[in-house]
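Each chain carries a letter (A, B and C) given by its place in the written order, and its residues are counted from 1.
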Amino acid sequence: MSQFTDWDILRNLLLAARWTVLLSLIAFAGGSIVGLLLTFMRISRRRSLIWVTRIYIEIFQGTPLLMQLFIAFFGLGLLGIDVSAWTAAALALTLFSSAFLSDIWRGCVESLPKGQWEASRCLGLNYLQTMRYIILPQALRIAIPPTVGFSVQIVKGTALASIIGFVELTKAGTMLNNATFEPFKVFALVALIYFLLCYPLSRASQYLEERLNVAGKRA
Amino acid sequence: MSLVSVRDVHKYFGELHVLKGIDLTINAGEVVSIIGRSGSGKSTLLRCMNGLESYEQGAIILDGMEVSTDEFQVRKLSHSVGMVFQSFNLFPHLTVGENIMLAPKLIKRVGKEEAKKLAMEVLEKVGLADKFGQYPEKLSGGQQQRVAIARSLAMKPKVLLCDEITSALDPELVGDVLKVLEQLAAEGMTLILVTHEMNFARDVGDRVVFMHQGKVHETGDAKEVLANPQTPELQQFIGAVL
Amino acid sequence: MSYQLNFGALLDYQDVLLDGLWMTVKLTLISTVLGILLGVLGAAARRHRNAALRHLSKAYVELIRNTPFIVQLFFVFFGLPAIGIKMTAIEAGVLALVINLGAYLTEIIRAGIDATPKGQLEAARTLGLSSRQIFIRIVLPPAFQRVYSAVVSQCIIVMLGSAVVSQISVPELTFAANFIQSRNFLSFESYLVAALFYLILAFLMRLAFNLIGARAFSRKEKTL
């Protein structure tokens, strides 16, 4: 067995953390696109669309992310699509994120006072115009803090991709643990790297939230 | 012997000098109305009397005890002084009866049956004996305030401090609350009220204390002071509120 | 599509599946109860007079909320024994779940506490209640009620997160699904059924919490 110095451990973990970051970015981007689509469906006035999105959200919020990963991994295989752990993880995390993001965004749209809709209507704006010029610009502003906050959940969610064999930070941690038999040190370092990735996002979310509240009070 | 004695009390909120040397002596059984504009320091003075606010200089002696914000001291004071607030402050998760029995049980270690008896007694006094098992949110503002008075009375205080207790009420509910106070006054309870109810101050009160810019500006017998205010500030104040 | 789904074959393993389900229920129950307790303590510490306690509680919350549960689990299960703290897989699983839930609930309950109107505290002080009595009897019950739905959601999230303890071989629902698919190679079906069970559990949990909440927070008149 080769000898690992502390530096070797850290270096390998940091190299693997790049995949954590990449997977997070893809899941966030994919989740945003799908989530935006879902949000529009959810706030549309079509009953069928609303129901479809509600069921979608219920399913992804009501089952473990791990199950979603397994099903993406094995389910796609059944469809004859040869999936790598990477594809399955990206897909599952995208769908998972989209459900949560669309739920957050719908909440933002609905949190706007009813008077905004009524006033727009009095001005003669139609549904789409009201959305485009009145509702969305305001909703976007209040949506930023919780969206940044949710990105922390995505980063942490990518850790589960290790279970289907994708080598990111957590998987690298278990592999290094098997090689070094120093679980305390290895997993403390793994946790530390996640913390360094997530904490700034958490703080940014809090900061944006506070700034929004201050601005809201002044207005 | 005086029940409450305030001697040269000064209070600052940061840079702001809100009480500028207050002297006031109140005897047992007196009904004293503290009046004045908002910002004159009247509520602050009242809140200093039971340790809700600290003061930087001077002394307040209540029922022989020095008043301070120290938790232990405030606990001791709770046997002698009760307070009723503008916003009722009933505990929403407790029934009317539970609100009233809480402090006697916890602080005075009164038994369950006795606490219940006590609660019914004070509720009858404020005319709400039928609300014992009801939650505060089901009561009108006037009823909530009467329960708050009953809750204070259950501790059998010697002084009852009332901080604008009718200000948050709809006009038609004010009378019921004032009636309870009038009855307490008749029974000999010492009352110190911060109030805007000039009629009450004149008809029921013994003494009026007019506060202006952190000082006792004018004080004396209620009927006299309100009928013949000496200082232009009080004249102006009375002119504005009547 | 050439593949024929075969759920019938899972019936051979229904005992394994039900045992796993039962383990998940037990894990959830115990972690929920202990997690809520820890959350209340954490929130009390977060708003304690003692600055050291406040910082400790804050550090705990930030540390847990900014690291993945699976890493916390591995740290507890693999890392702690390395420094002499030994425990079974189930104990490690419960410990990790409780620590995780406790951190989130600390933050949620703290928010509920912060929304307490100042007058409530003043009235309680005036009546002579001590700080501890005020916290337990006056502040906490309405605070908990205020944030109850967030507490429920977090408990459900932790129930779903308990799937991860399959990775340290705790024989719960996900572990059972893993086991079954390793025997009959019906992975898709196994996981789909397990996912359905989780969905039902989440639904039932919310239902149960709502019933408990409706009872606990009832403001119906009490008779003498």
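Here is the rule we use: a contact is a pair of C-beta atoms (placed from the backbone, for glycine too) under 8 Å apart; a residue touches a chain by one contact, two chains touch by 3 or more.
Quick caveat: nothing in here was measured; it's all calculated off a predicted structure.
Geometrically, the chain at the heart of the complex, using CA-atom means, is C. Inter-chain contacts peak for the pair A-C, counting C-beta pairs in contact. Remark: chain A and chain B have CA centroids separated by 55 Å (rounded to whole angstrom). With each centre defined as the average position of its C-alpha atoms, the distance from chain A to chain C rounds to 21 Å. Chain geometry summary: the mean Cα position of chain B and that of chain C are 46 Å apart. Shared contact sites, meaning residues of chain B that touch two or more other chains, are absent.
Within the complex formed with chain C, the chain A residues making contact are 58-59, 61-68, 70-71, 74-75, 77-80, 152, 155-160, 162-163, 170, 173-174, 177, 182-184, 186-188, 190-191, 194-195, 198-199, 202. The residues of chain C lying in touch with chain B in their complex are 117, 119-120, 122-131, 133, 137-138, 141-142, 145, 217, 219-224. Chain B makes touch with chain C in their complex at residues 50-52, 71, 74-79, 81-83, 85, 87-93, 95, 97, 102-103, 106-107, 116, 132-135, 137-138, 148, 151-152, 155. Interface residues of chain C, counted against chain A in their complex, comprise 1-3, 62-63, 65-72, 74-75, 78-83, 156, 160-164, 166-167, 174, 177, 181, 187-188, 191-192, 194-195, 198-199, 202-203.
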